[in-house]
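There are structures below to look over.
Next come two complexes, and both contain chain A; in the first it sits with chain B, in the second with chain C.
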Partner chain A sequence: MKTSFPSPQSFFRQRRLRLSVVLIILIGIYVLSMTIVNFQTWTSIVKIPAGIIWLFHNFIPTERSISYLGPILYQLWRTLLVSISSTIIASLFSLVFAILGAQTTTPHPVLRIVIRFGASLLRNIPVVAWAMILLFSFKQSDFTGFLALFFMTLGYLTRAFTETIEDLDAEKLQALQAVGANYFQCVFCGVLPEAASTLTSWVLYMIENNLRDATLVGLLTGTGVGFLFDFYFKSFRYDAAGLIVLLIAILVIVLELTSTMIRRAIA
Partner chain B sequence: MIENSQPKPETIQPSASHAKKITLVTKPRKILRSVLAGLTIVTIYSLATLNNSNLQLSEAFKSLGANLNAMFLHPSVGQDSWALLLRALATSVSLAMLTTLLGALIAFFIAVGAARNLAPNWLATSIKAVMAFVRAIPTILWVLIYSVVMGLGASAAVVGLTFHSVAYLVKAYSESIEETSQDTIEALKASGVGFWPIVFQAILPSIVPALLSWTFIRFEINFANAVAVGAAAGADDIGYYLFMAGSFYFNFHEVGLIVYLLLAVAIVLELVSMKLRGHYLKHN
Partner chain C sequence: MLKVIQLDKTYGSNKRSLKDVNFTAQPGEVTAIIGPSGAGKTTILRSVNQLIRDDSGQILLDDQDIRQANKAELRKIRHHIGMIFQNYNLISPLTALENVLHGRLGAKSTVAGMLGLYSNEEKTEALALLDEVGLKEYAYQRCDQLSGGQQQRVGIARALMQHPKMILCDEPIASLDPKSTKIVMDILRKLAKEKQLIILINLHQVDIAMEYADHIIGINSGAIVFEGATKAVDDDVLQKIYRQADDAKAVVSANED
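Let's look at the complex of A and B:
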């Protein structure tokens, strides 16, 4: 059989044609979105340097802002606690759901579909909507933020855990079953020890993610460090707000480095 | 009498220090266990000290049930109109597309400078450090900061979202670029190919699938962020109406409708991303 290859000229011509079509479509999307959003690209880009200079003038913490350090550190600590505890509690539930919903360990295929659908639903409701839904019932308490993060995390971790369990070698499970292990022995002696380090690294990733989201949730529900930022920001105490931004950045980076270290140690 | 003068037969006794106990508890396992134990302790402490002032949990959950019922089983447009909400939804999608495209374009050029196999080491390290700092600050804070400089509204939202997108995509792109084999670059350099032709003719075509999938992931994140920005910084998109319906008018029927709209967009995005990845994986 003879396969015909295009000549180099026609190959490059076709490639250029395809590239220009893609470019034109992208530019079209850009212009369309620009008009819908009512965004002026040039005037905004020109303002960016001025914005950064303004940022450095006003957001640098001064000696005065040190006096705010106490409440800021306390709220930051609370926010960290809420993001860790919501992740851990959610991971316990997700682990159960994932075992029931993974193809290799599911007791019933219908259960699998229900769990997949539920997780997708939880995941796709934005965290803002969760905050709004919960704010009304749970008022301005840490509990609102905790539950909002909990539902989001539950959706994400259930999917991640399910995929992790499905990626495991199915033959090991079959071997366990062949020597007469029952369902719980299969799960607790076959699946969990094998998947433990991957699952933990997902949990660590979710803690990082939740710390970032916790700021947003706090802003919306009036709790934690997000609320404190909003409060200082709206009362024009930019130096204190800048201090918060700086501390959040430091905390996130420290958390990232720690979890990278842990991930390497347990791999 | 025969004396047993034969020396005792020597048996090789394994000395205690040489004996290796084989155990399931290896060092990684120990670290794993202590990490999990630590996290559990923190969780218990934080649940015990959670600020639930004047909160009757059973009543709160009952009211949550009633709200969920109102939201998901009886959605309605409330005091806004369908046209208004759909327009706001289109604004959110556009905001996400705009910031993703802008972010991807800027991020690609910065990523070329941040890839260790293309740029000098000091440049790559410093760009990566700056980007890590930008990434560590939540998107919503960037938007709020820019809203002081540019005024509340679309421009601040676009610039703030783009800022974070760039930082995120530079990390993803530069890691993809670094996966290109050094031999290819060396060979092209040796035959006298310039810097930008190497980037656009050799590296870019080989990492298109990775770039595409990262960009699409960012698009999904940007859509969620666009909603958040509307709620917290007053850009005129669906998040703003969600915020108003939820915390000013307490109209849960409208909150439900908006959540349904957002879910519909999320499902479409997921389908598109599946199609897109399938298409590109087949081609390459």
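Let's look at the complex of A and C:
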């Protein structure tokens, strides 16, 4: 035992050595993959300034773009509503699934495996794929976008809620069992109040996330602000498209600030 | 009276088991279980209200065998056994008052309990109990804003809300400073005397056990090595209770040297 005890010098030497090896491997992977896809790092970097100048030249909203403000705001509003409603409906379902699927609260271990698998399946299909699949059944409508967001959110939040519930102190629930509380009372009086603030944070985060995704989904389902962007873009009205990007960014930031405020208030 | 007869318990392999545990705890008395870490103190306490199961033996509370109870009966029995913990185990975002009211859950219908529909009498009683443990002014505060000692007193009030015959205390003062320790232990002793409750308490601190307990149960490696009045505990008894762990420790440190 004693002979293998390393000196601090050799311990830190080994630490540095390990770090260097990891760095070299990462650089190697970059170089290798760039070679395979034939990507010239230097020439691409050189092109960046010209690209940015073109972008600003064409996408900066002008006085003319203001006339598009009405329809843009209207579609942005609809998109926001779709993302909020799909998140909220999905979070209700997720909460039930999470309670049934979390290790601490599951009524049966088999149910837990089924829910875990289902949630992972829903989550791992990208939202764009959801939109394209659902497009066949529900055509180009807000509802298709709603469903695409709903399924992806359901998978994501079920997982997040399950982990939140599993992270709760099991002893606190035991304390409620010890007073004679039954399963439903433990869930309602113990699990939900303990988890509430974390669950709310997840829902707020998902609303932000879904607003961003909703614009992408809109491109495919032909609805909302995403479609409007596509429409202006393809008819060379870049300034209007730029205005949309700007407004989406502003909305996302406002949403983020609001949810940070709410989170702080309930923490 | 609580009477535990021939309680046996094995955890998976062979570690932390109970071997033929027999003891009694009387109403109006503080009964302390002492012994080294891992001796099985917590296992005994949690067997009494069946938070830990799969053992053999008998646990008689007023001549009713808790181990034979079905689900509904167990819920009723648990309703009359309070329990407090080292980590208090209150629902921390809820107020002190709400946590005390949780003591009624075992007696309420599923739906009324789930939705927190408590009667006016229950609410008044909960506030009175908080007053009894000196926390009336904290009734509407979130429990995570209270100090450790205050949280433990909320835990006691929750136990009292159960109209208990017995209160199980699992290392109730292990996380408390000396001042809070005294407050909590004084309350527990008072409850034993005035309400004729059975107070069964796991303790690490021998001095506290000697000061507050009427009856001492010494446990070592899952077996009872002493049971008797506190005044019968002397250095020889303490050495017997704590011996093996110290020996084991001595062996370990000898190996390290």
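Here is the rule we use: the second predicted complex is superposed on the first by the 236 of 267 C-alpha atoms of A that agree within 3 Å, B and C clash if a C-alpha of one lies under 4 Å from a C-alpha of the other, contacts with A are read in each partner's own complex, and residues count from 1 in each chain.
Definition applied: contacts are C-beta pairs under 8 Å (C-beta built on N, C-alpha and C of every residue); 3 or more make two chains touch, one makes a residue touch a chain.
This structure is a prediction, so every number in the text was calculated from the model and none was measured.
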Partner chain(s) touched by A:Pro8 [first = chain B, second = chain C, both, neither]: neither
First (chain B), second (chain C), both or neither touched by A:Gln40: first
Greater residue coverage of chain A in the superposed arrangement, chain B or chain C: B
Touching partner for A:Ala196 - first (chain B), second (chain C), both, neither: both
Partner chain in contact with A:Ile29 - chain B first, chain C second, else both or neither: first
First, second, both or neither for A:Lys172, with chain B first and chain C second: second
Which superposed partner A:Thr215 touches (first chain B, second chain C, both, neither): first
Chain B versus chain C as contact partner of A:Gly70, first or second or both or neither: neither
First, second, both or neither for A:Ile48, with chain B first and chain C second: first
On chain A, the residue positions that both chain B and chain C contact, one per complex: 196-197
Chain B-facing residues of chain A, complex: 26, 29-30, 32-34, 36-40, 43-44, 47-48, 50-51, 54-55, 59, 78, 81-82, 84-85, 88-89, 120-121, 124-129, 132-139, 141-143, 146, 196-197, 200, 203, 212-213, 215-216, 219-220, 223, 229-230, 233, 238, 245, 248-250, 252-253, 256, 262, 265-267
In the complex with chain A, residue positions of chain B that touch it: 27-29, 31-32, 35-36, 39-40, 42-43, 45-47, 49-55, 57, 60-61, 63-64, 67-68, 71, 90-91, 93-95, 97-98, 101-102, 132-133, 136-141, 144-146, 148-150, 154-155, 157-159, 224, 227-228, 231-232, 239, 242-243, 245-247, 250, 252, 255, 258-259, 262-263, 266-267, 270
Chain C contact footprint on chain A (complex, rising order): 169, 171-172, 174-182, 184-185, 187-190, 193-194, 196-197
Residues of chain C touching chain A in the complex: 49, 51, 75-79, 81-83, 85, 87, 89-94, 102-103, 105-108, 110, 113-116, 158-159, 162, 168
